[in-house]
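The two complexes that follow have chain A in common; it is paired with chain B in the first and with chain C in the second.
Up next is the complex of A and B:
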């Protein structure tokens, strides 16, 4: 009986996924604004899911993750605008750069946990924001703009984004279900005992940090090509807070929580911005509501209700 | 006498002016169950922490299977075959009982990889076999929060056993247990040695448990060894009576 229920649940999930993908594939039919909005939501979702590998799965709250979004984004912008590379090479370089930066910054940050880890990541994020604002090579406060959009078409590029995000989410899902993913969760729950299981706690945290930084960097890289521009505000701490917000909104203990959060956030911000200049107030009110009434996030709450 | 499993040589650990462990030398042979007893503050848990790598001794040496392991980290000692359980059950609260075991199985077998599913069949089989040994297999899909106090302690031991240890250090396994739970634990300690071939070093307050399971008893007092011997010898030792009964 238990098995049957489980099978039914799995097939319901599969059906929901397939419907979701079909719906996403049809988005360009709904016009340019919607296409742009959904592409942004997809990239925000990918970044938040990557952030959540570190937060929800490994127990480390990074308050500077926009740094990696910016590293990915600026790498693409510099490669294309300053050195004339194509977008494929540029995105590949962005992936490598995000992984290297993730390794270097992660190496220093994973020595600490809790508030100290959060503050360290925040400090690194703000440091690189400062560099981006001041360094002319990166365009200073104006950033780098006027990049060519791949395939010269928003609609076609949308499919590049969709495919990249789906493949990335699949890879992240495989990781969270792997023995490495289990060791992330073991470290999250009880680092002390994990050490007595022979799990190297710092090394495990660093692995999670690097994977997380790499996929956040990919999201930033693809986003630059969507916007055809990047500015230093993409690395500002409020952008890092957006990843935290989106994850809490959807639910950090469910793999697709940040994706649901990303879509709710993107659409909510879009509507709120078109209605009122006080849209941040709306966002703030929603966050307060979520934390007070849905501590497991929207998806976390729904699944809890569904499963009784 | 059998082969040596563990030996400490004059280990010392002071915290400020407190001489928690003050030059202690003990030996545990393969296949033995040895108990460390003594009043509160005698230095038993500190000695266990020095042996298991949680603390580094100020001086002295720890040998495990003949190798000098002084100052090695717990994660390194686990790989050499030394596992440990804790006074307050120390498990992974948000994972299921089965996942708690799987984390141990994957780690000790060197199977941690980003592409290997953690619930692959042979790992689950290994983990379930361990759970069956401890009679926890029917609770495999519960989280530790849903277990009774006794079962949580058992889970703690099962995790340690899943690490294929040659020796397990048990820190007060029967603390806060009911009489029935204590009987189960006594059975588990005997089973670890008799059926599963694991050497046991036990810190325990309940002397009935100690007398029942131990081959040898080491009595600590104020950071040093007061007496050592077979249960009947220790029971009759006047120094021990004095410390325990005043």
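Up next is the complex of A and C:
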């Protein structure tokens, strides 16, 4: 498996900055649909990057991460629709709720690794999906809908999303470079050796889990305000699989890999569906192609090529 | 033996013949105006094609719905374009897949804002329609005709402006079910039930049981049972029913579940022990195909309903149904299910509303003009005349029919002994529903 290469990080940050600026400029020019599309691509990217903190950096494959997207989303929806809070308090509550849920579920899951961890997270994801379908308070299978959109404007809200995602990515980037981030990778590469170096393996995994859950929850919370609605399908395992797919698409061993993957996925789905009703086939074919020919993901492959 | 020269000669003769014949045919054939020629002929009508955006489940396990809706949509659009389009504008369609659940609103927005769909039709899922409606009302502002999603909440709990539902929803069918029992099977003492484990199943039972209690107060009812969508083994549910010994089983299962349940109930002898089985979603051709003639119970009476039945109104009484069914059958090789009839009617409702609004305004109508024209509109569909009520719910009569073998005339079981309930008997007043609004 490849590892982080230090000199690459500077240019990647530059790429991220340029990308951010281009996106900012794009909004007024490209129309409302593009604004909506880029906003959801940004949120998908944030969720996938958070997922990848656990997967690419800590070596734990969660197959139930949409659960935290749903926790964030439902918290906002419930706070606003049931209790009449504003969106700022609601998003703050969503962050807290995602962190708490991340701690509780993470505590139970990080005792296991590999396939056992994946199955356990999948089980928790499906359990909460089931709860959302059944519980009237959460709107049952209909979900919660008709929420007001912040600032009453898609364009203005887009900037909120953009700023939140950029700040979150920056925080996640700082974490991955900190001693905490290095301990994630140490645990990933050799848990046994990390233990001997004085790193609490389980505690480290739990920290990664909580941070990952919190930022995934933030993505879900912001997404609900974009969509003005949420339903149980946002916690279904296929949505969790989307995070995995997006991460593999972009490259799990590069920080911005999931972001690139998120954008490719969102645009691919958007274009494929307009061209053919067999759009899922197109996406499936792309996944097979990526796994076979780009084992490090699109961005991972490009960086490898650039480096020679 | 034909030499090369002879062959070339014949080829040349053939080409000349084709050219002469073609030219003659061209000049002699009766010519109606094509949409292109009509464009711009009516004052105030734009010349570019009119685009309608459709969204249904096109892929996945509910993909049949979208497929059948799309086929009917194509049929309606081809008919309309063959006779000059809508006020001379050729009709085009663009489709999006509702199976992309995470991006329903984004895809709808794309059709409206990027692909320039002027009107929307479709939507299978109740959850999707409830989240879509506020966005259409507050943000997109395009006339949207719902063709399938059946939650009473859409029209009963919302004040709609741009959103209309042409299709029958679940409440009148369940109210009619209670009436059917009270009128035809007053000997019923004990009722058991099963439904899918989500809002539709709960609502359906709530509506049926509340109404039945009013009509037959003495009836005893078992605790309702709910099964997950896609359940493959219903034996535990059937065993519980057998133990309860009901006279009547009410089932709101739909699609594959409805068929699986009937087949397993047949093999476990449920239909030898109960007298009546009612399913408001049985009258769907895909379900009937899956049940098959071999599983039509002979002892118990099995009754079904739906949002449209291809043999009702009878073809001699309502020729439009006959034309629709025969066109659909000859083009696609099967009988049209309800999603086809409602989607087909939705296009004609839009056409009628646009034309009416054009006459009233004297220019191509805006969205609000079309809304005004839709309100109070009556349109003829394969299911009979459909009237658009002030709550934006299309109303037409409800039917219930008894499951019978289709052979030798039909490839699947059919509903016969059709009982009709006029809309006035079974539709709650606008704004009324037995279901709790959010």
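Just so it is clear, the second predicted complex is superposed on the first by the 287 of 308 C-alpha atoms of A that agree within 3 Å, B and C clash if a C-alpha of one lies under 4 Å from a C-alpha of the other, contacts with A are read in each partner's own complex, and residues count from 1 in each chain.
Here is the rule we go by: a contact is a pair of C-beta atoms (placed from the backbone, for glycine too) under 8 Å apart; a residue touches a chain by one contact, two chains touch by 3 or more.
As the structure is a computational prediction, the values presented were derived from the model and not from experiment.
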* Can A:139 be said to touch chain B (first), chain C (second), both, or neither? -> second
* Asked: Of the partners chain B and chain C, which touch A:14 in the superposed model: first, second, both, neither?
  -> neither
* Asked: A:33 contacts which: chain B (first), chain C (second), both, neither?
  -> second
* To do: Please indicate which partner A:279 is in contact with in the superposed arrangement: first for chain B, second for chain C, both, or neither.
  => second
* With the two structures laid over each other on chain A, which partner does A:153 touch: chain B (first), chain C (second), both, or neither? -> neither
* To do: Please tell me which partner, chain B or chain C, touches more residues of chain A.
  => C
* Asked: Is A:174 contacted by the first partner chain B, the second partner chain C, both or neither?
  -> first
* Where does A:227 make contact in the superposed view: on chain B (first), on chain C (second), on both, or on neither? -> second
* Asked: Within the complex, which stretch of chain B touches chain A?
  -> 52, 73-75, 78-79, 83-84, 86, 90-95, 99, 102-104, 106-108, 111-119, 123, 159-160, 163
* Structure fact -> Interface with chain B, chain A side, in the complex: residues 174-175, 177-183, 185-186, 188-190, 192-201, 211
* Tell me, which parts of chain C touch chain A in their complex? -> 58-59, 66, 94-97, 99-103, 105-107, 109-110, 113-115, 126-128, 130-131, 133-135, 139, 151, 153, 197-200, 202, 438
* Structure fact -> Residue positions on chain A within touch of chain C in the complex are 31-34, 36-37, 40, 81, 133-134, 139-146, 154, 227-229, 231, 233-234, 236, 239, 242, 269-270, 273-274, 277-280
